[in-house]
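Consider the two complexes below, in which subunit A is the common component and subunit B and subunit C are the respective partners.
And then the complex of A and B:
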């Protein structure tokens, strides 16, 4: 980094700090909209587009970026406290976050999530800033073949979830993949499995599926108990000690935060890939290489850190192709592109030469936002965790009403509310009979993407299946994928052998 | 409940619901792509084929459990009298009514009615005044945030129309 770049970074840092009056309220707005399924950062920016366009460029960008980062973090809060991910990007968060909340460790879980999110987001922002030209090329190298392997990394989580009962886990996962196939095929637009509903031609919308499988089914389940936390867990008076303990747990696993957030960054750079893929892949990799994989799913801090740091790593990743290539890496980045074009900003490598303050300013806004968030949000974990002590007779109907209408928001079809209700009943049956709803959701989210890339590959190769092994990077990823499946089994067997030796 | 279930034979009837849904849906899906181009078929046949295979394995496993007397075709893990006692059935019906009525009555009024009725069912009729109060506050907060402030196109009804007239015409 030359001295002029350092001087620009220094200048935009102090400039951004000067916009604290925009950052602070936006963080709270982002936490709210991120926590309600259907109200993502993208939707909110669209709704507030007239306001954003009326602002000057720098204020508008800081507003959008603060909203983007905080909504990403906000999505994890209901995922931890009431098992309802605010967005698909937080769908892996409840796997270990919610069991912690049920054990009466909601405050700790929130603190872990906030620290992992902020450090993950901050770190990946700095890495993105330093390695932008290199990262921008990742998008060029990741074609449909390579993306198939990335999807398989995420989908292999189904097998891990299925570990307790492999057959039932696979039924749930493949049912999800089958549901994810509903809609028209990507090549000839042939409608499939739509039951004649035009609303399903674009495929199964994610938010109604998320709302139904997690929120509605959870609301129908939790009424068995007076409050969310288990009766065995002692209801303690909230104290700062739990927050500090959560911070300490997260900081002790700093290396875990680092490498899982880098997974998020790399996946975020790939246009079209998103936080949901990143969080599933990070969770699966975290579990695969953990010394205690058997603890995952029971309220293990590492199982919470991985998806949270990864989905916040995605935020900075999506900015790289946007700024360097003019290709948005996700829906929110696409809206940012519209706003920036409205203000006459041109994209591509020239951006950092013609308007360096805008280019570097966006990353700096992200870094400042994450730094501010850790100090503003962390103290709130003490109060937020009270949600788990609200009587379920009040909580369950509120969850149902506000998440069902959240299912309506993205497309504004009444059909989506019926769909969410249908998924709710499916999720309820699945939970009561021992099928994992997360396995179904992974299939619904990643299934259509896998199919899309698979068909593109086959189309390009005239149906030759060997195209899957035709690229160097793809083959490296295949080897890494095979290693991520085989090595944990080998490590597990070695651990088992060692423990047997100790017992003898 | 968990300990009760441990003492009872495994309730396979309930466990069979998801695989049966999966098989029926997969066969329906296959019927919609039978005469389609290969691009529409390849992935679905691959995934659906595996799903049918896994379901077949599960059905065989269930038959073996039934033969050994370790399971019954009961549905006790899915439907019990507890569902009526806890108000779950009532909550499910109010939820269905909410989705059906929201398009006709609008977001605010339907949300208020849904929250009040379902909370009263779950609370077995206790604290009606408190329930009506928090239902009203939640419904009005929802209206203020989503419809008034964010201007989302939530279903409009009598209340929304009246409030729009009041706010527009003063």
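And then the complex of A and C:
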């Protein structure tokens, strides 16, 4: 970094700090919209577009960035407390977050999630800032063939979940993949399994599926209990102790936060890839290389840290192709592009030469936002966790109404509300009969993406299946994928053998 | 002497019935004077916040003053616009108070690939807002930097070409070019403008074809080599020539053309209302505030272009014919 860049960074840092009066209220707005299923930074910015366009460029950018970061974090709050992931990016969060809440550790789980999100987001922002030209090249190497392997990393989670009950796990996973294949095919747009519903032509909409499978089914389950947390878990009086304990648990796993957030960053810079892929891949990798994989899914802090660090790592990642190449990495980045073009900012390689303060300013706004967020949100964990002690006769109807509205919001079709209810019933039956809803959901979310990359690859190669092994990077990823499947089995067998020796 | 009543019961009933029949039978004549007495509902078959939304808001902000009524958009995205059209044709009353704001290029091509649930002649476009020609472009770092490079490379291998979706005017432009040059291009549908630009920039495909507005927005990350229409923006599309000039072809312009459409029945039943709509629509183009609003909505000023019922009908028909001609290549059928 040369002295002029350092001087610009210094200047934009103090400039950004001066906008605290924009950052603070936007953080709270972002936490609210992120927490409501169906809402996201993208549709909030669209709704507030006239306001955003009326702001000067710097205020508008700081507003959008703060909203983007805080809504990403906000989506994790209901995912942990009431099993409602607000967005597909938070779909892996309840896998371990919600079991913690049920054990009466909701406050701890929130603190872990906040620390992982903020540190993950802050760290990846700094890495992105330092290695931007390098990171921008990732998209040049990660094409459809390579993305197939990345998808398989995430989908292989089904096998991990199936390990508890192989037949039921695989049935649930395949059911998810089948549901994910509903809609028109990627190449010729031929409708499949739509049952004549036009609303299914673009595939099963994610938010209704997400809230139905997780939240509606959970509401039906918890109504059978008095409160969310298990009867055997002691209902403690809220104190700061749990928050500090959560912070401590997260900080002790700083290395875990670091490498899982980098997974998010790398996936985030690939145009078209997003937080849902990143969080599932990070969770799968975290589990694969854990010494205690059997604890995942039972309320393990590392199972919560991985998706939360990764999905916040994605936020900074999506800015890289936007600023360096002019290609928005995701929906929110695409809307930022529109707003910035309105102010006459041109993207591409020359941005950092012509308007360096804009380019560096966006990353600096993100870094400052994450730093401010940790201090503003941590104290809230104590009060937010009270949700788990609300009697279910009030909570369950609230969850169902909120989630149905959430299912409606993205496309505003009544059909989507019915769909959420349908998925809720499916999820309830699955839970009651011992099938894992997460396995179904992984299929629904990642199945269509895997199919898309697979069909693109085949179309590009005129149907030659060997295209899957045609690139060097792809082959390296195949080896890594095989290793991540085989090594945990080998390590597990070795651990088992050692423990048997100790017992003998 | 008894007075003969001026109005008997029979004449009263008869006159009332005649008046009611007149009102119902000649609605256009009687009711047009008050049209519009409420807001106009507009069905937009794409998502809120997208290009069509911005374009619609810019145009309607001026048109509403000419018409004397506001426009209320409803967004019905999905299935490449098919959902919005089906809802408009199936549920909206054909009374001139319900319009559709669609795209005469890709959306009409849909009907050629797969017939909709309504007769495509039961609606028509009456006013084009803008037209955005499709173009062929490469990534800034692509080894293919000229059309000659592309032709030479196509002789050694089958080139992969990104497109927003198969049934798109840009795809037809490319297939026509392929026919002319004897090249078999391999179209890869990259699902939307962002993906299509990214595909060309990152090397997922050899090059891409897309509407030029999205290509201009991508800035210096891309380089345009050919326009499937007239290049009216010059260096913003790298002074790329039109396909007809470069290869002596006679291809109609391959466009994304946003336009207002209406039920045929509405125009037939309420000719005066329809006349008010078309007259005020045309007047809107004479107002300098339209250009200001269009530029503010990030529209390319050169693309703001009026076309009336006949021109829109001709364009719709040409899309249907070209779609039918290339159906096997675009739909795999």
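Methods note: the second predicted complex is superposed on the first by the 504 of 504 C-alpha atoms of A that agree within 3 Å, B and C clash if a C-alpha of one lies under 4 Å from a C-alpha of the other, contacts with A are read in each partner's own complex, and residues count from 1 in each chain.
What we mean here is this: contacts are C-beta pairs under 8 Å (C-beta built on N, C-alpha and C of every residue); 3 or more make two chains touch, one makes a residue touch a chain.
Only a predicted model underlies this, so the values are computations on that prediction, with no experimental measurement involved.
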Request  = Sticking to the clash and touch definitions up top, decide whether subunit B and subunit C on subunit A clash or fit.
outcome  = fit
Task = Have a look at where A:190 lands relative to subunit B and subunit C in the superposition and call it first, second, both or neither.
result = both
Query = After lining up the shared chain so the two structures overlap, which partner does A:325 touch, if you call subunit B first and subunit C second: first, second, both or neither?
reply = second
Query = Just subunit B (first), just subunit C (second), both, or neither: which does A:397 touch?
reply = first
Task = Could you say whether A:417 touches subunit B, subunit C, both of them, or neither, answering first, second, both or neither?
result = first
Inquiry  = Looking at A:356, would you say it contacts subunit B, subunit C, both, or neither? Reply first, second, both or neither.
reply    = neither
Request  = Kindly classify A:459 by the partners it touches after superposition: subunit B alone (first), subunit C alone (second), both, or neither?
outcome  = both
Key: subunit C, subunit A and subunit B - angle at the middle CA centre, rounded to the nearest 10 degrees   = 80
Key: Superposed model, subunit A: greater residue contact from subunit B or subunit C   = B
Query = Between subunit B and subunit C, what is the tightest CA to CA spacing in Å in the combined model?
reply = 6
Ask   = Which residues of subunit A are in contact with subunit B in one complex and with subunit C in the other?
value = 186-188, 190, 412, 459
Query = Tell me, which parts of subunit B touch subunit A in their complex?
reply = 1, 14-15, 17-19, 21-22, 25-26, 28-29, 32-33, 36-40, 42-44, 47-48, 50-51, 54-55, 57-58, 61, 77-78, 82, 86-88, 91-92, 94-96, 98-99, 102-103, 107, 111, 114-115, 118-119, 122-123, 131, 134, 138, 142, 146, 150-155
Key: Residues of subunit C touching subunit A in the complex   = 48-49, 54, 75, 77-80, 82-83, 86, 113-114, 140-141, 158, 160, 165-167, 186, 188-191, 194-195, 197-198, 201-205, 217-221, 296, 298, 330-333
Note = subunit A contacts subunit B in the complex at 44, 47, 167-168, 170-172, 174-175, 177-179, 181-182, 185-188, 190-195, 216, 219-220, 223-224, 392-394, 396-398, 400-402, 404-405, 408-409, 412, 414, 417-418, 421, 424-426, 429-430, 432-435, 447, 450-451, 454-455, 458-459, 463
Task = Would you tell me which residues of subunit A are touching subunit C in their complex?
result = 43, 46, 49, 139-140, 143-144, 184, 186-190, 198-199, 201-202, 271-272, 321, 325-328, 334-335, 337-338, 341-342, 346-350, 411-412, 452, 456, 459-460, 462
